[in-house]
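Two complexes, one shared chain (chain A), two partners (chain B, chain C).
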Partner chain A sequence: MTFMKKTLAASIAVAAASSLAVSTAQADMSDGEVRIGYLADMSGTYRDLAGPGGLTAMEMAVADFGGSVNGAPIVISSADDRNSADVGANTVRGWIDQDNVDMVGGLVASSVSIAVTKVLEENNGLGIVSGSAASSITNEHCTPNHIHWVYDTYPLANGTAKAVVEQGGDTWFMLTADYAFGHALEADVTKVVEESGGEIVGGVRHPFPTNDFSSYILQAQGSGAKIIGLANAGADTVNAITTASQFGLTQSGQQLAGLLIFLNDVHALGLEATQNLLLTTGWYWDMDEQSREWSQRYFDEVGRMPTMVQAGIYSSTMHYLKAVEAAGTDDPETVRAQMADMPIEDFFARNGRIREDGRMVHDMYLAQVKTPEESTGEWDLYEILSTIPAEEAYRPLSESQCKLVQN
Partner chain B sequence: MMTETQSMAAPSAVLERQKRAKFRRNMFYLALIVVGLVAPFLAYPVFLMKVLCFALFACAFNLLLGYAGLLSFGHAAFLATGGYVTGYLLASYPGLTPELGIIAGTLLATLLGVLFGVLSIRRQGIYFAMVTLAIAQLVYFMFVQAPFTGGEDGLHGVPRGELFGFISLSSNLAMYYFVFAIFIFGFALIQRTVHSPFGQVLKAIRENEPRAVSLGYNADAYKLVAFVISAGLAGLAGSTKTVVFQLASLTDAHWHMSGEVILMTLLGGVGTLLGPLMGAGIVVSLQHILAQSPLGNWVSVILGIIFVICVLSFRSGIVGELDKMYRKNFK
Partner chain C sequence: MTMIFGVPLAVFMGQLTLGLVNGAFYALLSLGLAVIFGLLKIVNFAHGAQYMLGAFAALLGFRYLGINYWLALFLVPLVVGAFGVLLERFLLRRIAHLDHLYGLLLTFGLALIFEGTLVNFFGVSGARYATPEILQGGLNLGFMFLPTYRAWVLVAALAMCLFTWFMIERTRLGAYLRAGTENSQLMQAFGVNVPLLITLTYGFGVALAAFAGVLAAPLYPVSPTMGSSLLIVVFAVVVIGGMGSILGAIITGLAMGIIEGLTKVYYPEASNTVIFFVMILVLMLRPVGLFGKEA
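Let's look at the complex of A and B:
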């Protein structure tokens, strides 16, 4: 709230100042303002992943940028998509038709993101997807009007599976959510495990969503596999991990590999249940000095440590504003090209660049959840084991089905 | 019965009164149509289209609950079936015009309605609701699993296309009038059904089924037909919605949607023709306004509170209460 007031005050001040000295660059901004829309799940399952905290991150970026670009004030509006594709698409359509919103950020649930990017493509808008997992967003659903920032399922499956096999976890049992997303993730993992010399010894598919994982965890225990891969998401992953912990799965020598799990999930589950879990992340707040510094500022504002998605929202908003400044216009096509021209190197992204399919590739990290003994604080949750270089982490363009990529 | 004895006593006076009532009703509908025609110039057309789609859905649901006394908790299945079928056809066969896609979606939803209906109308009350919910969940899982729906990601990129092959629907205004025409068709069909002898029998069954049966009516057949009409119109609403938003997603198939339509109908006034329209308007507007306000996180809570207040203090819904007031003071 305080931040909203601050941004408001800042934008009013800037508006007043700019009315005194109208710069020439301002003429190139549509209606003399740069308008950003923040669309995310503010009240449901993904609230802690992005939600109001993501909005705060975006407001921090705008405030840090100075509240205006080349004299044009930056205005943020936000809306709750309630994880519904039609609500999301509708909101964005309204933003573009009625409010001339220049860029849409946030975007968490994959169904919402895909729906929104179709609207953006049709209306020549610009979107930055930060929260979604689906790698199809820059594959078969790619458009020239959006960028996918933080992560997707490809590096999550690829990074985790490869690293785990290399560390000796060569026999896998897959616990898969029985719908398109789970099947895709399972296929990705299977491919990587087999290519790295590992073996899938078994698997079970559970309905989506499932509350009682006991029988599946017992099957996993009985399989004798060293690694139990969790190809599911959200509440399913949380339930599976809780059950595995209750059945003493990790204590009996088997290890869980989470393919889609976030800092807020680990924080909610507690270290007792999640200890030693291997996962791939796009960013971690305690990664290095610049990350810690930014996260501390965020923590003072919100009271929680940022997830990679929230950090990514700051990073992407900042990069967008820099591109608008450099291009001298908020025209989506020009800004999109300018964003791709500038490398991304900040507290969030290392070796980052935007590919022609809209994928922002950057270094990813293999992390392991600490044990309760190792952890020194409430948010001291991960240990970063290794870095997956940007160029290896994401789906290579040669395998892309994106219409913008010539293969 | 009352009107019959009255009309025998003083036929001309009653006829005159009925005529005047009919005239007033027609004028009222005409006024509503005029409002509908100018609305897109006053409000955002896409928002209005959403209201109309949900209003049609709620009207279809109301036909069943309000006039046949059957509380279906599975109407989302028809909305989603209409939506997915239309979306799939239009997205995969670019030559297909939107009206054909909508007709196909509606037909399939109607067929599904026959299937649902035959199974579920054998039970009444809470059992009927549970049977419909159970079958709707089956349909939901089918949509989660079926490859053509895109599962969690939904079905995207449905073209709006050209109506009858030559009227482009890409402008929101053209699309709005198309949706408005569909809504009027659906509403007129319901209005006609309710005021027909068939509708009278439905009401009789709602009030006292054994008595209607003893008078020689085949109650099950009447209920089945009402169920099928309702399912078909819900499918029509879903198909139209898909063309408007150019997507179909699992939200439409989820049981939350079946709950939302109950909320809309009860809030507006169950068993009144205009109630569902009013209810859909209120719920959709609230969602729309609240989502972009600082109270955004509280949409569900606020809707819940409104629902509780409505059920506790004005059970016949907004239109129902207005109707009561009108009857008390002006008749």
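Let's look at the complex of A and C:
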């Protein structure tokens, strides 16, 4: 297990200064420190959407908060889960048992998040999931010990599919990754398309991961559907879009709908291949002045513009620290309740609040990828078309299967 | 409309063509592995990483030195091949007298180091490499739209395969090489510098991987992990063809591309595994592979 412990210089300074007189507030912090663990894929498929950049975002939040809460220094540990549920669960178990980690953040691959939140529930810890897609994390897999921050598959399907059908894209061909996440997304999309008056005319389930999509693109071309829905993620989506562009799919009148696509994917693909693609996002760096300002600071540190996940990690860490400060303790249960009591309104989240199922609902955005002519810079990639209000974007509590919700 | 097993003829022909293009890739990659294994008895697990290095060298060469595609197609195999020569001379040769397993472990470790280093600098999202202008657009074959670049890949890969086969099986140099691996002491007694031949052969196998990498650069996102997913399939192709058989690698590569392509139409869920089914079948019926010689 790679296991790196990092103390911020600022927190050392504050610790030294405050060691002379331990305040009463600090006495309520376990071990006199607020300990945060950052768990994410640091080297694999999902590295660029969270990874080391997410850790930087978390460190920025701690530094901006002043490096300590009520006199207790904030310490960050980080580890690479290598997208393995086992590695992730064992790391978190060690953090809680041996290091008394108070909060676990990052959490990208859905399988890892589900395993980790089980460990948190058994040990009464606290986790904030920022990178995962599966909406089941706050549905059948909900626990009182975690919060899901940035987005999930429900608004992805709801936002993109609905908008596409409304614009006349009423016949769909689904290109689905053949595993749990792909099936879930396909089911969500099918429901939305049919409810909006559209029709699924065909589809293919491709193995995960797939290197060459030419065969599937040819099948999609032959289907005659107006829209090719991509119910996959990461490298699969990137490969599918590249191949579609090589086969002249969009030039022949068909359109792609990317259901889970991140800023780093669009950046890697280039605008030539992705132009006019519709997508749903939880945040975009160029949304408004506040977002631009934070993103510029991030850019100066990392050299890339942040994804919605990286921005969400800053936002959630900041909210957590504010709650610890307000509650005067790092006890998970108290902090969790305090976080839910405070609305979230920052550069990342608008109209944000944490529901009883652990879902942080906030405004989502329907965006379109710019054409090369419209774009004015390397990272000028999206145009925000409309806002999906927080209360409409996510799965309504009335449909929830979460054990924490009284239905 | 004519149907073949419930699939329209046009679709069937289209998939056959795409299968052939992918097969040409498999052939080119497994050829490099077969050359290295057949003549040097090294199980080169770094082959996928060397293919990736080829694609990266093309990308970075274009970005920082302005080297165009055609020049890259010629230069990159030379540069990466030279790198392979250094690997053989300073690392692989030291363990040449040990069990094959050590070579496998060493090359696997090298592959991890190459990938990890590049991930550290470039991330995993990958970057695009533009298709050369003359090969943009597509050909209307009547039953399908075939991007010109893919047609070029088929031609270039097959030409390189034939060239390699000819060099090893039909020239004097190839004969020395084969003799040198059969009985190196006798060859050295005749005044042939066998260690040099071996070093150059490894370099050539690596150059083949790099050539495939340059060909792949405009097709797939250029990313540090692009080789590792392909490597296992290519190994399966080599096993089916018969470890070390040059012609076997070429024919099996093409055949597996077609089989995989057809699986993608009839039962796409199995398309990643069909090659391994064939491999198991071949191992059960003919353990030395389709074109392998009985020991």
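Following the convention adopted for this analysis, the second predicted complex is superposed on the first by the 399 of 407 C-alpha atoms of A that agree within 3 Å, B and C clash if a C-alpha of one lies under 4 Å from a C-alpha of the other, contacts with A are read in each partner's own complex, and residues count from 1 in each chain.
Here is the rule we go by: a contact is a pair of C-beta atoms (placed from the backbone, for glycine too) under 8 Å apart; a residue touches a chain by one contact, two chains touch by 3 or more.
None of these values were measured; they are calculated from a predicted model.
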item	value
Chain B versus chain C as contact partner of A:S43, first or second or both or neither	both
Contacts of A:S77 with chain B and chain C, given as first, second, both or neither	first
First, second, both or neither for A:G94, with chain B first and chain C second	first
Which superposed partner A:D178 touches (first chain B, second chain C, both, neither)	both
Touched partner set for A:S110, first chain B, second chain C, both or neither	first
Partner chain(s) touched by A:P144 [first = chain B, second = chain C, both, neither]	neither
Which superposed partner A:A85 touches (first chain B, second chain C, both, neither)	first
Contacts of A:A134 with chain B and chain C, given as first, second, both or neither	first
Intersection of chain A interface sets (partners chain B, chain C)	43, 47, 178, 207
Touching residues on chain A, where the partner in the complex is chain C	43-45, 47-48, 51, 178, 204-207, 209-212, 214-216, 218-219, 221-222, 235, 238-239, 242, 246-248, 252, 264-265, 267-270, 273
Residues on chain A engaged by chain B in the complex (per definition of touch)	1, 4, 42-43, 47, 52, 77-87, 89-91, 93-94, 97-98, 110-111, 114-115, 118-119, 134, 136, 141, 178-181, 207-208
For the chain B and chain A complex, residues of the former touching the latter	44, 46-47, 50, 141, 144-145, 147, 150-154, 156-157, 172, 241, 245-247, 249-252, 287-288, 291-292, 294, 296-300
Interfacial residue positions of chain C with respect to chain A in the complex	8, 10-11, 14-15, 18-19, 21-22, 116, 119, 123-128, 131, 138, 144-145, 147, 149-150, 219-221, 223, 225, 229-230, 261, 264-265, 268-273
